[in-house]
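Labels run A, B, C, D and E following the written order; every chain starts at residue 1.
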Amino acid sequence: MTSLTAPAAARPPGHAAAGRSPSRLIWDRVRRDRTAMTGLAIIVLFVLIAVTAPLLTALNGWSPYDFDPSAVDQRLAGVPKGALGGVGAEHWLGVEPVSGRDVFSRIVYGARISLLISVTATVVSVLIGTVLGLLAGYLGGWADAAISRLMDLLMSFPALIFMIALISVMPEGDRVLLLVAVMGGFGWPYVGRIVRGQAMAVRHREYVDAARVGGAMGASILFREMLPNITAPILVYATLAIPANIGTEAALSFLGVGVRPPTASWGQMIQESMMWYEVDPMYFIVPGTCLFLTVLAFTLLGDSLRDAIDPKGGRA
Amino acid sequence: GGGTPASSGGTAATGEGGTLTILSNQDFSHLDPTRNWTMPHMDFGIRLLYRTLTTFKAEPGAGGTRLVPDLATDLGTPSEGGKVWTFTLKSGLKYEDGTPIVADDVKYNVERSFAPELPGGPNYAQLYLAGAEHYKGPLKGERLKSIETPDERTIVFRLKRPVAEFSYTVTLPTFAPVPKAKEAGEQYDNRPFSSGPYKIQSYDRGKELVLVRNANWDPATDPVRKAYPDKIVMKQGLRQSVIDDRLIDSRGEDATAVSYSDVTAAGLAKVLPRPEVKARLVSEISGCTDMIGFNTAKAPFDDPRMRQAVHFALDKQALQTAQGGPGMAEIATSYLPPALSGGQAQDVYGLPPTGDVEKAKALLGGRTLDVAMTVSTGEKALGEAVQSSLKRVGITVTLNPVDPSVYYDTIGDTAKTPEMFTYGWCPDYPSGATFLPMLFDGRTIVEKGNSGNVWQFRDKAVEARIDEIQAMTDTGAAAAAWAELDQLIMRSSPAVPTLWDKKPLLVGTGVTGAFGHPVWSGQLDFSALGVKQG
Amino acid sequence: MRTTKERGEQVADDALLTVRDLRMTFPGRRGTRVRAVDGVGFGLGHGETLGMVGESGCGKSTTGRMIVRLLEPTGGTVTFAGRDVTHLGPREMLPLRRDIQMIFQDPFASLNPRQTVRQIVSGPLRLLDRAGVLDMLELVGLSPEHVDRYPHEFSGGQAQRIGIARALASKPKLIVCDEPVSALDVSIQAQIVNLLKDLQRELGLAYLFIAHDLAVVRHVCARIAVMYLGRIVEIGDRGPIYRDPAHPYTKALLSAIPVPDPDTEATRERIVLRGDPPSPAAPPPGCAFSPRCHKARDRCRAEAPVLTPVRGRQVACHYPEV
Amino acid sequence: MIVYLTRRLFAAAGILLVICAVTFLIFYVIPADPALQACGKTCTPERVADVRAQMGLDRPVHEQFGAYVAGVFAGRTLGSGLACGFPCFGFSYQNSLPVWDLLVDRLGASVSLAIGAALLWLATGLAIGVLSALRQGTRLDRSLMVATLTSASLPVYFVAMLLLLLVVRVTGILPYPAYVPPGEDLAAWAGNLILPWVTLAALYAALYARLSRAQMIETLAEPYIRTARAKGLPERTVVVKHGMRAAMTPIVTIFGMDLGGLLAGAMITETVFGLPGIGRLAYDGVVKSDQPVILGTTLLAAFFIVFANLAVDLLYVLIDPRVRYS
Amino acid sequence: MNDHDPPAGASRPHAHAKEAAAPLLEVTGLCVSFGAVRVVDGVSFCVRQGRTLGIVGESGSGKSVSSLAVLGLHRTASVTGSIVFDGEELVGAPAERLRTLRGSRMSMIFQDPLSSLHPCYSVGEQIAESYRLHRRASRRAARERAVEMLAEVGIPEPRRRAREYPHRFSGGMRQRVMIAMALACEPNLLIADEPTTALDVTVQAQILELIARIQEERGLAVIMITHDLGVVAQVADDVLVMYGGRTAEYAGARAVFKTPRHPYTQGLLASVPGTAWVDADDGARLPAIAGAPPSPATPPPGCRFHPRCSRFADARHPAVCATERPALSGAGHKVACHFPEGAR
């Protein structure tokens, strides 16, 4: 027997014959995590709601923009008639004070806007951050200095002040686009910094050297060798950035620079409902709960993803 | 008028002394009498800090629109057919430091309103005074010749044209005295020198203003101001919903507090179902008219039929709900508020409150419109109501909320004026002359910073009629003529009057003498407020 | 034979790899310059193995990485098969990449965790199809079922086999092995050493075998180069060097290696060096070994010795052992 | 060290200058014309031009910017004779007060808010985090983490409103918050700030608890902790002296950044509670297009952020002996 | 049961080995499990004052886990069996008791001296810490002691270096600091867990020499854990060979190296290249042990070594090796193999 033959018992036991990629392993670990799956279920539910919004509103028969004067009390400054903010067969989750618009329809359409803005803003910041961070970490030197300074600069901006200032001086144009641009534009340095750090660490890994010795160059090293190995932290960041962006959208709405009326977004609904929390708590609770659940769900998923990627901290 | 003023409409308060707290969600834009031309602020300044040549009685309702002499001994003497006005100051008038108030101080303040360093104030002096075309204010030492002060107590104004209502004009803070010695340019705003019953003890802008008694103010010379509290503290920059809550609760210090700014719709919803709180709600008709304007200079609203279509389609009741319901606003049917048209609302079209969709559709003739509408950020609910009601007839409205501070610039730039926008007008004093000429005289349109005639309405017949009415010396006849002109303009609908609203204000349980003054758009008359003690 | 003026071994011109006066300086902290490799020269013939030993930080890896052009040398030349390859651009290097390959120290760190064995072995240029990969796996003693697995599913020894398969994929002439067994357990080390030797015999490979374990090097390499602080201090055939080291450092190194035999250990003469290896950022003047050398004299501290032939090998020492 | 410090200071100054320029430029091209605004309800074009010249807005943008930057250091005098001294950030369009005075005036509330909240959330956050790390995997750990997750998922204004409703409106335990400077009445200062502190701390404490828990777990797995145990140190010493010390390092970084950001104004908290702070000032400035105030607050905020980062980096020398700047 | 007795007469001659001394540490049937995974399974050994026990084995064979169990440093593992230190049973002893023993009477040094030293405290502080604690010494006395210890382990300028932080020290220096720290309270037992693996050979020689010197001076009992057979040969009196969490062979050093009885030990010794410099057959194939070490989670049944065992591969005795756990047998030279004398 020579050492050239494959050692029979060498394969670490417990593995199926087909190879399982690290991403599969992570996913398997996440799948076993009950809280993560709860989070995922909530996310899927809201995404479904957002996608099927027209169908759902067709079911209850109220468009998110229809006024229903009969549902509010004209003499009482427009408080919804009936208990629980007008909850009933006609309006499933009650109506908006003053206008009498259907809260369910607005929530459903609001999910679209809120998820759209936060997810797109996250995608934008992750894309920019990943590309620039990778370049900075990989190229080093002059490019790194330039990109890092840019990131420092952007991170030194008092973001919230600047966001509302920027948005409020640009009244023209599509608010959703503007919100995405501003949130993405101020968000990418945070991704960029993570990616840069990771790229710098990965750049000197032996497998990158090995690829280079094997003849790989430039983009191939960046995107085939390095990027797959830093997607995990990026993914974690993205999952945690989405709830943060939902929160920012809501905060901007709260400060009066959210989406344009009559478009509904959760943040804008909460901002409106805040004044009514005493006379019409339902109006406040519904979007608040949705926002809270979504943020919580994304956070749970992100946490679990992080633990799955780096199980060290979780070991007893 | 609907709302019942809270504490026994303007009768004498129970006593003097104590501290009155005013809760405000804002800072003054200007307290400098030269620059103070925003509604509740004018009331505050004139009633507490400075006196003008004439002023209005401290009474609710129609009584409040009656003019009385203030610094002057009478309402002024016109001569040369109303082109020259002479006033004589009372004797014994003093500033807060005891120095006497002289006629030149009034002249000096009027001159200040010409200074580009001190913009923002009423422009009547510029409009009326003769020979002032190139005058740039007194800060660089130049004086205006058309105001004469032959002696310390006499002041003579020489006007470009006869102004019958000049006695009313001089109620404006422009006609309060400012001593030259106290000139501080822009900074005068932060510490105006008092000629009224109170003086400024401290003013932390945006946070707190504390007024204490001006010992040199002589009640004997002042028939109007009661000046009951010893001290008045204004808390600024609070959230309106917090102000509402505090005054609903009316606990502790808040019992002697009043709200400076309007109760929110949500606040009203809390107030209205509770009789004991509702009793403390002051809601005087503001005297202003809310309107929705069109850009008549460009398509589609250069066509009066399109404007009328909107007029017919509007659901004014929905707007009314957004304003707090029928208790808080009346549906407007003419530009001039009832107070200016003899107390009688006029109605040209006789439309149902929710609009007439069929007529509107007929006017549109099957056309659908796609228009932009600018509203200020606070009027979102209103904008949405417009949006929703016009959708019924196939007009799609895109809302463009703009911050109040830049609102007038946006619509006042004729190049940028949107197809539709909201607008409101309050008379500076109860006269059609401070209303229709400002709003509908095509000759006042300027390219940028356009104000009043923001719809760019040009009609030769209307302009001619305005000139005729302004030349009338009989104020009664003039009033009737204004009302008639109003109906004429209504027929071409450059703007849709929507609501005559009330100013909803809450006062604490320990506040006396609270009533909304008709001249100052329903704001509390600060000169009559008192607090219960003990 | 022709002697070169540069510091370094005298080299035959027809060698597969010729390295002359190779230098690498890294920018250090506070503007210092770390002379990691400071004039290294040697030659390597077809199918030959040169062992390179020395303490941590003496510049072994740096030398190896310069030869495979992972690092751009700051001085000297690298000639491969008669062609000067020192400053070729990445594209010109491509054909050469097939001929010079590398095996790394850490078997896991050198395998991309996100690629399957197949992707790893066929390399970034996709040199091999599936059958080719299977051949390679067979060659290094892995079974075909491993081909679609990921690195984390292997043991250290297996992972190192994959690394070797990858290096072999382009049918190279020279493989730089940078400590290929030091991360492995003793019982696995032997497997890999045997594999490397078998492959060399079968495929006619030349190895530059970097290690710090003198025992392993001796087993694998016919010729040995001992490095100290960026320079070769002794180079020559295995026999003379192990039997009779001429440089005091080599001698100390050999004596420090524990031997798994209590009797030998009990009787061995051991030279324990004082102090730590100096930093390449601030090398001592003269002979770099002088501060730790028991027989250093003034000359050693003033003048750096060059490689000179002594008893069948070359030594850089003013006072070689006798 | 000196070299490093000067280099960092220059870099910080550079960043501030760029931020200043960008802010300036953006608000130069805004549609709102400050002259028009100042001019009032009815304004003739001539008068607008006068006002514009008066405000110095008729000059080209680079001149205005130059004047602004020079004014910051040298002070300047405006057309109407208004003069401001050394740190001159111009005058508010709203009330003609020097922006610097406004900033200084508002700083008190912001600093009170930030420092108080920071102490509160550090204390609670770290305590929860460390406790959770030590009891990792137990029911206590899980319930603490659920609590922090919930607290971190609630928007700030939601918490603020809830607190106002419960503590002030329903029970009346506390009066409506109104800022009282600490110099005037310390008890009133603290009493009025409790709710804003709790509001901010609720969010940050949750984040810090999670962070410090993760850090602590990681640190406790380090070999040097094993060394400390092998020395026979009592568990408390191991956790506090050896564990916390090392675990706190990354927290200091984040704390620096958070504190810097908060000093620059907790806009929402200040708005909800009506605190006269920098964030509120900035918000009002934006809403009213008060360019000098926006510039001033942006610069001050950026200053805090930049210097908090610098301070953290310098602090590292004390915390982590491995770090040396040269 | 006396299978933990020191293998008699097997140790190499040593100048002042105290043959008569009672065992300082006796470990019997030690089992350590993490959850369901038994990582150390019935290991027994003993150490006498002044003597050195070498523990060798592949990575993951349970060497470190066993030694940590002796110090009671496992927090989540369940430890069974018996550990008697100086007549005192440590398994099941109160944690507080173990704590007072740790650092004062038994100490440990670790493989990676950089990560084992706290980066934020000066080395002087770290050495003084345990001295202050166990000896209730004053701060100043402890500081003096630290300097003294640094001098003893051969660090030049000890007073100055005591104030420096670990990152300023080289690898060898750090290990010296670790040793100084471990010895500050004059313990009776020193467990060295691969103290030289991270070091260069020349530095390794220095450290081994230092440990030997101190052991000689103080009569310490030392447990030297390593996977380098050469090191064991150099320092150990007795050798414990571990495989897959179990004892493979336990005997005096000379016996293990000269007459190994377990096929694993034999294979291990054979696979080390160049056992002797002079007469090696240069370039020949190394007789390697095939396969890889077992995973502790799913160990092979029976003898843990059988999948890699040449005797088993010879297919003469398959059944028993694959099913039954071999007992540790033999009087002085203990071995756990069904066929200890070999198949050939």
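Criterion: a residue touches a chain if its C-beta (ideal position, glycine included) is under 8 Å from a C-beta of that chain, and two chains touch if they have at least 3 such contacts.
Quantities reported herein were computed from a predicted structural model and do not represent experimental measurements.
Touch-path distance (fewest steps) from chain C to chain E is 1. Ranked by distance of CA centroids from chain C, the top chain is B.
Looking at which of D-E and A-D shares more C-beta pairs in contact, the answer is the pair A-D.
Taking each chain's centre as the average of its CA atoms, chain A and chain E sit 52 Å apart. Look at where the CA atoms of chain C average out and do the same for chain D: the two points lie 55 Å apart. With each centre defined as the average position of its C-alpha atoms, the distance from chain B to chain D rounds to 39 Å. Centre-to-centre spacing of chain A and chain B amounts to 48 Å, using the average Cα coordinate of each chain.
For chain E, residues touching at least two other chains, in rising order: 288, 290, 292. Annotation for chain B: residues touching 2 or more other chains are 403, 410. Listed for chain D are residues 31-32, 169, 271, 287, 289, each touching two or more other chains. By the touch criterion stated above, chain A contacts chain B in their complex at residues 65-67, 69, 72-79, 97-99, 168, 171-172, 256, 260-262, 274-276, 278-280.
Listed in rising order, the residues of chain A touching chain D in the complex are 152-153, 155-158, 160-162, 164-166, 168-169, 171, 243, 247, 250-251, 254-256, 270, 274, 277-278, 288, 291-292, 295-296, 299-300, 303, 312-313, 316.
By the touch rule above, chain E contacts chain D in their complex via residues 68, 71, 73, 99-104, 107-108, 110, 112, 115-122, 129-130, 133-134, 165, 167, 178, 181-182. On the chain B side of its complex with chain D, the touching residues are 27, 29, 35, 37, 116-117, 119-121, 123, 126, 136, 139, 185-187, 189-190, 204-207, 235, 237-239, 242, 245-246, 249, 251-252, 403, 405-406, 408-410, 412, 416, 438, 444, 446-449, 451-452. Of all residues in chain C, only 65, 68, 70, 90-91, 93-94, 97-98, 100-102, 104-106, 109-117, 123-125, 140-143, 145, 148-150, 152-155, 157-158, 163, 166, 169-170, 190-191, 194-195, 198 touch chain A in the complex they form.
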